[in-house]
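The next part holds the structures, each set out as structure tokens.
There are two complexes below, and they share subunit A, which is joined by subunit B in the first and by subunit C in the second.
Moving on, here comes the complex of A and B:
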């Protein structure tokens, strides 16, 4: 029986992993820890933006206008300044991210029914934050204008008529928390780490030490050795993914809305592809260093950059969009987000599963063919 | 039953344009210790690897334990043990775990494995170190443990590829005692080495150079067949200059440097001793000692290699 034949290999792998606390930590604990760190640190939510106001008008209207900013959790009114020089200094030193300059005739113009201009100075060094800050600021200013307009109209005895009442409602991640968006992606990223890198390293290590050759002269078939190794890392990767889900639930309140069965089906298919990729690398690389480099470049980086994990694929150049279709991590991410965040059923992501299965089958076929071919 | 444990006919292995093993043929009788000698890169390991089913021959055939290496590699693998110069053990597993793993790989029952653990530990002198990690063992211990793991499944044929490289002389001697014991139990052993003193332990020797067999026979036969002249060992004050002087004498059959001594092959011992004395005396080189010696295998092989290179150059 094949189970009996690969048993010694699995036992041996687990003994080796257990004896090497570093690899155990990297495989099991590291993913959970990383989710914790990245979940807290990688925060795209922009809140408490420090701003300075240069109020040349100094009227109750201008102060009310500034309050409309400081009343939100997005902006903190930290500096009230008296000159452009001070504005420059605060922006230069990064103490304030934006500065609002209110000209002297602000309230006079407003009350007189004329257009009033205000100036918004933004530190654009971090374009992400700057863009977000500008959009928040425009929204606040828009609301303020509307309120003002309705007040003016009411005074002249007319009703305000707003043709469109816009009430956005966000689904799946209503608080728009970055962590909720990132954690499912992290699972894909980290499984890639443990599966591809650890499989390729463990096989290449045996090649380096000559133990692979020792097994090759035994009646144990190459496929059986490989299967034993793959199975061991599959078990570990499944455990690691469970750990990541637990961390996500405990610390970021991410519960799995969809079916656990389909979630693990997706994870399993993805892992088979990743393990196949690790094996393929091990047939190419002769040293652990080379194996590590190839693994990082072929799995980790694409999983980070081209999967839509952090950077939306839609906004990539068309060439990269095409290439991203070769990355199983991209499809896996759709499955993870669908099941975990949306609670979607199979119909929403079956095609992604098919893509991943094709990738896995391809990887496993190529790597077994290479393994079976005798050394030249 | 078959007569030979190993039979090889015209075995050839090419790597691209390079021919590593060139039409090699030999036979190994059952129960003998067969030495496969040659310099590094001569084709020893490549031949062994083909016989063990690790490499596919480009052409030629071979039988190991009665099984064809081309068509029945799986059966070959079941009947052989293999140990390479790397002592391929898992450094991060203990002595016992290594034995258990290789026992499992060969499909031994757990009862059998338990029995063999006792045997290997006793054979390798590892009592009390069963729970030590393999990486903490010294070279000699590792070597004997690797040997133990290679014969766990009691193979009838054992391949040893430079099994004594990098091991101290005491361990080397002890290792050869183990090899002799295994041989007495009827196991056929094919061993490669480039230590010529070890070659003396073999029943039969084959010398390979640049992929081709150039001589074979027992150590005694090789000496008798290939050294038909006398060898003088000469100790001088300037061996290098002396060698240059003597090399071109027409009656010098062969000359080589052995450490700080010269080995000079001559047809007539007494007459040539005189000639050497007079030539060296004329240039001021003093002779400290000069005597006839029994040729060693090293003399034989250096002679054979030199002849072979001349033949190839011609």
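Moving on, here comes the complex of A and C:
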């Protein structure tokens, strides 16, 4: 009965979307492109760090030491300089990220069995890159020192002794690819986009143009109209998320390790909440501008920033950590990563699903109450 | 002049009448800055680890304490079997597990090498990478202290020399990601506010049909354009000042360079953003279209390709060349240079010139397009 009444609304909505090819591109093609783009272009991996060397020693030892940096894929030896002023300039202009300063007595000290101090000057502006670069440099220097020690020990007829052998074993994403980390999160982000923003805008648009009143005098109930609209965007959002999964699989080898059933259960619950939120916004906003702004601030930004999509929640101030617990995107992301990357079962994320369901129920109840009151 | 003045007054009246929009154009930048300033952090601390200590000796506890005392790791749980490790990593309770073998202390006493295992959850690649780096440093330092102990006991051996790095971090000595992100947010906020408001203000008149009314009045096209754009220059300028104040005094981001230079170069950047706003308005019929176009065809690529969060050096070659077409890229370098490095125009002109050229080109093209539509 209700299906029959809603169908024309859905058809009308799809016609309107089709007539505006740009929004269709945004809703369907854009997600796939974004995955490709994020997968290939966005990378926190730090490689080929440009470094400058100020070698005051100029001996074969000091050159060998510099080579221990340039021989790795992490550092590129781009500038050889003769003064601190040049070092300053290179760092200021951002041409080099690290400068190694080797003092005059470097080789003399080492050959004499004394510790040799060097200086590492690091451009810390990008703290993430700098942290990684420092840890690579430290590791290279430690390896160099170990080599020196082994030479000394070998001369006295002993073997090198490294007391603790350390083997990191990385699960789920052994090559530590940024793409594998970002793509599952992207689904959450894109669903927010198509669900909350499109729903709220499409309802407010009718309000703004006055066509809402025309619909209201028709035999259709407001709830039916909104339901029809919501359903259209639900379908589009589901298509978009499937597209993201396909692109992730084809191009980045991200296969779904867990159960597809639970994945789509999670997606559906999350979408219901997002659509409810979109409807709620449409009952508050009078103009599309306002609807868009509220959507961005209540859904898109939190989904980007407070969900753990890019930035780890654990590192945030406590207040934000608490606030992040109100964001369904955070819980959805745990489900996505658990199912897609870890192949975990329901026991790992049932609590997340429950929260999302509570959020969805709350949003839908509040927004339909507001809608009904307006319709009276 | 007078005509332009009246258009500006009209524009502000319209803005004020839409209270929510007016509030948003000042609240939005501050909220964005607060959110990004606090949330956009790649600093890694308190990494939750699970320890499976099969040795249970004072030596193994000493080893674990190295992790705890470093300040980077928090021992969340103690495991009693390998199964527990699997479960804890799968549930996401811990990011890392440290497995110490039963003969850890015996091996060390007998000068045999002992094998410690570290299991890491790689699903957050960046955090995992940094955490492993920290662990590596801690273990190496501990290893070295053990070797030093042994050597002390046998004084006939020559102490091997070491290279000791003295690491000095410039511009951001505490390596706070906030200092890196907040200046970038300023650029982003400026772009979003000026571009969106400009395009929306024009498209709104189109949508309502008042643009045609304006066209039949004796107002000349250039007066209309200037009158339409200036209010947003003013709002953008106020936003910049607001955001600089918040960045400097709330977030304590060092502002080492000249504020005048910063404002002047922000002016250059605004040429681009206004031009883009105008351009979007010429290709959009409805406000929804304008917002979507601005958001997805300009803001998103700008954000990702400008080096705002993701370093350009890490991108594939082809995409690196593409980034030269993104005006925001130059402005981000400028703004970080002025804030963190305190550099002046001598270092920044290679950024300022392309920014200026882009700004002029985009603005001119859009104005021409807009005038043709008016005519």
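By definition in this document, the second predicted complex is superposed on the first by the 371 of 376 C-alpha atoms of A that agree within 3 Å, B and C clash if a C-alpha of one lies under 4 Å from a C-alpha of the other, contacts with A are read in each partner's own complex, and residues count from 1 in each chain.
Rule of thumb we're sticking to: contacts are C-beta pairs under 8 Å (C-beta built on N, C-alpha and C of every residue); 3 or more make two chains touch, one makes a residue touch a chain.
Because the structure is predicted, anything quoted here is derived from the model rather than measured.
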{"item": "Fit-or-clash call for subunit B and subunit C when the two complexes are aligned on subunit A", "value": "fit"}
{"item": "Degrees between the directions from subunit A toward subunit B and toward subunit C, using C-alpha centres, nearest 10", "value": "90"}
{"item": "Which superposed partner A:60 touches (first subunit B, second subunit C, both, neither)", "value": "neither"}
{"item": "Touching partner for A:91 - first (subunit B), second (subunit C), both, neither", "value": "second"}
{"item": "Partner chain in contact with A:310 - subunit B first, subunit C second, else both or neither", "value": "second"}
{"item": "Subunit B or subunit C, by number of subunit A residues touched", "value": "C"}
{"item": "Touched partner set for A:20, first subunit B, second subunit C, both or neither", "value": "both"}
{"item": "Which superposed partner A:8 touches (first subunit B, second subunit C, both, neither)", "value": "first"}
{"item": "Which of subunit B and subunit C A:137 touches, first, second, both or neither", "value": "second"}
{"item": "Lowest C-alpha to C-alpha distance for subunit C against subunit B (Å)", "value": "12"}
{"item": "Contacts on subunit A seen with subunit B and repeated with subunit C across the two complexes", "value": "20"}
{"item": "Subunit C to subunit A touching residues, read off their complex", "value": "18, 20-21, 24, 28, 31-32, 35-36, 38-48, 89-92, 108, 111, 113-130, 132-137, 139-140, 142-144, 146-147, 150, 157-173, 175-177, 179-180, 200, 204, 286-289, 291-293, 296, 300, 304-305, 309-311, 313-316, 319, 333, 336-337, 340-341, 343, 347"}
{"item": "Residues of subunit A defined as touching subunit C within the complex", "value": "20, 22-23, 26, 30, 34, 37-38, 40-50, 65, 89, 91-94, 109-110, 112-132, 134-139, 141-142, 144-145, 148-149, 151-153, 156, 158, 161-174, 176-178, 180-181, 201, 205, 287-290, 292-293, 297, 301, 305-306, 308, 310-312, 314-317, 319-320, 334, 337-338, 341-342, 344, 347-348"}
{"item": "Residue ranges of subunit B in contact with subunit A within the complex", "value": "15, 52-56, 74, 77-78, 80, 82, 84, 86, 88-93, 97, 100-107, 133, 149"}
{"item": "Complex contacts: residues of subunit A adjacent to subunit B", "value": "4-5, 7-9, 11-12, 15-16, 19-20, 209-211, 213-220, 374-376"}
